[in-house]
Every structure is written in structure tokens, then in C-alpha cells.
Amino acid sequence: MLILSGGVTQNEVKSRVFLHPVQLRWGECDPAGIIFYPTYFQWFDAAAWNMFAQVGYHAKRMRAEHLAMPLVAAGCEFKHPAEQEDRAEVRSRIARWGGKSFVLAHDVVRVDGTLLATGSETRVWGRYENGPGTPLRGQPIGEALKALFRA
Amino acid sequence: MLILSGGVTQNEVKSRVFLHPVQLRWGECDPAGIIFYPTYFQWFDAAAWNMFAQVGYHAKRMRAEHLAMPLVAAGCEFKHPAEQEDRAEVRSRIARWGGKSFVLAHDVVRVDGTLLATGSETRVWGRYENGPGTPLRGQPIGEALKALFRA
Amino acid sequence: MLILSGGVTQNEVKSRVFLHPVQLRWGECDPAGIIFYPTYFQWFDAAAWNMFAQVGYHAKRMRAEHLAMPLVAAGCEFKHPAEQEDRAEVRSRIARWGGKSFVLAHDVVRVDGTLLATGSETRVWGRYENGPGTPLRGQPIGEALKALFRA
Amino acid sequence: MLILSGGVTQNEVKSRVFLHPVQLRWGECDPAGIIFYPTYFQWFDAAAWNMFAQVGYHAKRMRAEHLAMPLVAAGCEFKHPAEQEDRAEVRSRIARWGGKSFVLAHDVVRVDGTLLATGSETRVWGRYENGPGTPLRGQPIGEALKALFRA
């Protein structure tokens, strides 16, 4: 079983690119003095929520409409070590739309242009049947949703 | 570019399987009431250090010998949502030895036998040239090291 | 305004002491090679949930009965630096019962007996009026609940 | 033993107030849908490093000069629950200078002016005797350092 990672080369989707600025904190570094790698996934998740907020699906709306986007898979390649205080931006786009799932591609680029990491998340577009805490069911991804992310 | 994930099917290495028990905390869950996914990578990292400690490479020794095992890539497939208080174990093994790098495969299995997640980490076996904070250089992985993990 | 911290000396309550084992991970240490201090609060929170689970208030029951125990205040004194792989236990007890709130005292003691940190959490005993996501209202703490924690 | 918390009322020091913007992430919230409280301490730590960076003690310089500012104590009062996507700023100042230690006061204020939390950190101003990983020794805090933070 293979996970498509950073270099999602066949970008089937003409996606907008969304930017999410980050700065590496002391507490996100490990004793080697560089980024503790799960931090990248925390950034990916924050960037994913930011993408949806940018197109109108703010956290409050997601909650009100019982929407969620749980993960199926995630992967990352680490290209260059990030150090405390480094500023970077997560550049995110839709890499692929499936019937009820989608793939996000994320590049983490330091302000000087260095690619720090590149990864992807595969998520389901889902709805809680009876509100938070109840089972989640995948929802068909319609054209209206896709259009919001088109470049 | 592809990352080998959970189902590393061609287990070239006859590896011991190492067990690392975990229990999902309140603070590791998100507003959907299930595990926030970077937690799996935190568990993978802890399990990796546990593997090396089990064969004699304790944290103290790693530090004293200026050894480190930074990540090249990591990936995970999420199979079943984990909930607060769930007990599981991370079952880890060497999936492949390269010249200066290696791949770990991790399965997260709940106490009732449910596979929660399966993933992999690709790491370099490295040494700080002049102690912590100085550049890290990949080290050839010798037979002695490999032997420690053999089933 | 003062927060009672570790040395909650007037232990008005004859409380059981609850033990929660922890081991410091690589990713919970900072570039100084010691514990990143918010980790102690993550341990306190996990220890608090463990206390309630031990007396029958498991996570599942808390959810089912719409109970929660949000924080009013928390404090910690850091006595000795913890290093990666250190094993310790969080020793927790009820330090004080209020009408609708209570204070937990937590000591983090390394296996060799060294006190690493000592702190406290002040929490409300609350119930979501209409399930998760709805407003939380403080509940009177009855004798039955208090009795569960009595030494 | 008492920890001075948020309401450090006797502000002996005429300190500049430093601002550190934050936004609450999905993964920093718990199943109750509000901020998981150790997040505040992660913000305090980031805000502390930001203060020092603002006056010239950037992370790189701290490392180069073997400086560190480990914690002696920390405390926080939680005033209002923060929700995902909330934007706030941590307003930080020097509350007190000791001989080799100092107290920072942090207020977390949501963009609409709501005080979310107020807390403090007591830190030592220290230097690694022989670089990272070696013992840390408290350094006398001179007038030059104090002057950098004066309002």
C-alpha cells in the first residue's frame, strides 16, 4: 500500500494555493535543536482548516453544519531541518478530488525560499449523522464545493 | 515520489517486533472526540526510541556518542478512530536497512486487536560531527547494529 | 490573586493518592535537552482523568453523562530537570473540595525518588446542559463523589 | 508556597508590553471543543522567546552565547474558554527582576478584548557552562539587560 506524498506530481486539479504562515517555536524543537517532526503534521492540519476557512467554511460553520474532515492517510518528506524562530509558510492546494474524499498537498517553504518539507493529507468529507459525537458519514463532494478551491 | 507506508509488504528484514504501550489522553483528542492525528507520529517517534533503548542504545548513550536518527520521511494510514482512554500498543520493526538509512514499520493495535493505524518512518543513522548542535553526518550501518534487531 | 501551587500544605482532605506512570519522550524535550515545561501540565491533565477513571468515572461515562471538569487555574513549580527516557510517576490527590469546584495536587516523582515538579489544578465539576458543545454549568459536588476519593 | 499568577498587581517594573499573536487550532482543542489548557503555557513560552527576540536576544544569539532561561514556576488562571479559530494576542511584560531570575506576566486577550487567560512564568537567566547539554548556571541580571525591557 502506498501513500502519495509531497511530490504529488499529477496535479489533476487547478487549485488555488493557500498560504498559512508559521514560526518554529522552542517547544516544537527537540534536543537535536531542530523541529520535532510531528510539528509538520500539526502545521498541515492547521493549514487544512485555514484553506476551508478561506473559502467560507469557518470552524463555526463546520460545527454548526456538523461537518468534519477526518484523515485517511498523511505523509511527509523532510527536506531541510528547521530551527527555532525560522519563519515559513505552508503552501496548500487541493491535489485531487475523490467521490467523498480529497487529497491536500502541502509544501513548507522557509522565508528564504528553502523547501523544508513537502507532504500530503487524504481526508474524507464527512458529516456527523446526529451532531458531534455521533457516527460520521462520508458526503459526496459536489461541484459547488470544488469550485471554491479552483484557481 | 512515493513513501512506503504501513503495509510495507516486502519485509526484507527478519526483524524483532518491539512493543510500546500507549493510552490515548483527553488532550490528544480533538473536538471530534477522537485522536488528533499527529499524535500517531508522536507515538511512532517514542516507539522508535524505545526500539533502540531495548537493544542497548538508550537515550543517554545516544547523547554520549553523539548519535541521532533524524527523519527523511514518515507516513501513516488511519484505519479506525481511537477514543480517549483507549489502550493500544505500537508494534514496531525494522522494515529495511539501507546504507546509512533505515525504515521502521509501526502498527498501532488496540488491546481488543483492532488495527488503529499503520505507518512508517524513514530515518538516517547519523552522528554529530562535533557534538550536539553541530552538523550531522550519516553513518554506515554496520552488521553489528543490524544484528541487534534480528528476530 | 494567588494560585496555590505544589506545596498545598493544608491538605483539608484525607485523599487517596493516585499514581500515573509516565516516561519522558524525545519529543517532549526542548533544545536544552530537558523537559519542555508544558509537558508537566499535559501529565497533570492525564493524571486527573486517571484519578476519575480509577473511581469509576471513565471517559466513556463522563461523555455519556455529559460531565466535564474544565480548569479554573493551574500552577507548577519545577524542582529538577527531567531528561529523555526518565521514568516518573504523577502522584495525585484531592487537595480541597469546594461547592462546585475542587483542587488537585500533583507531585511528579522520578523512579529514584527525586521530586521533579509539584503543582495543582483547580477544576469545576460541570455538566453540559444539552450535551457536548452546549454551555457547561457547574454542579454541586455531593458526598457520594467525595467519598470515592477518601483515603 | 505560593505562585504569583496573572494578577501580578504590584508591577515593580516599568516594562514594555510585548505582543505575540496566536490563533487557536483544531488540534489544540479538546473533546469539549475548547482550548486544551497546556496550550496556554505553550503560548506563554513562545511569547517569552518573542520578548527576548524583540530586544535583540534572538534564538540564534541565545544558542551562540549558551544562554537559556529555564523555568522555576508557572501558573495560569483561565478566564474564558477559547474556541477553534479564535485570534488572540499574548501581552507580555517583565513583572519583576530578581538577582538571577525574573518573572514574566502574560495576558491572553482575544481580538474582541475578552481576557481569556492570565498567567506568569518565573525563569532563571542562565548560561551553559560548556555549551548545550552541560550544566546550567544562573547569571546575575545586569542593568544593561533590564534596560532593554524598560517602557
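Letters A, B, C and D name the chains as they come in the text, with residue numbers starting at 1 for each one.
By our rule, a residue touches a chain if its C-beta (ideal position, glycine included) is under 8 Å from a C-beta of that chain, and two chains touch if they have at least 3 such contacts.
Remember, it's a predicted structure, so these values are computed and weren't measured experimentally.
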{"item": "Pair exhibiting more inter-chain C-beta contacts, C-D or A-D", "value": "C-D"}
{"item": "Listed pair (B-C, A-C or C-D) duplicating the A-B contact set, over half by residue number", "value": "C-D"}
{"item": "Centroid spacing, where centroids are CA-atom means, of chain A and chain D in whole angstrom", "value": "29"}
{"item": "Interchain centroid distance [CA atoms averaged], chain B/chain D, Å", "value": "33"}
{"item": "Chain C and chain D, separation of their C-alpha mean positions in angstrom", "value": "23"}
{"item": "Residue numbers of chain A (touch at least two other chains)", "value": "26-27, 31-33, 36, 38, 42, 45, 63, 84, 132-133"}
{"item": "Residue ranges of chain A touching chain D (in the complex, touch as defined)", "value": "25-27, 33, 42, 45-46, 49, 53, 58-60, 63, 83-85, 132"}
{"item": "Chain D to chain C touching residues, read off their complex", "value": "1-7, 9, 31-34, 36-39, 41-42, 45, 63, 68, 70-78, 81, 132-133, 136"}
{"item": "Partner chain C, residues of chain A touching it in the complex", "value": "26-27, 29-33, 36, 38, 63, 84, 131-133"}
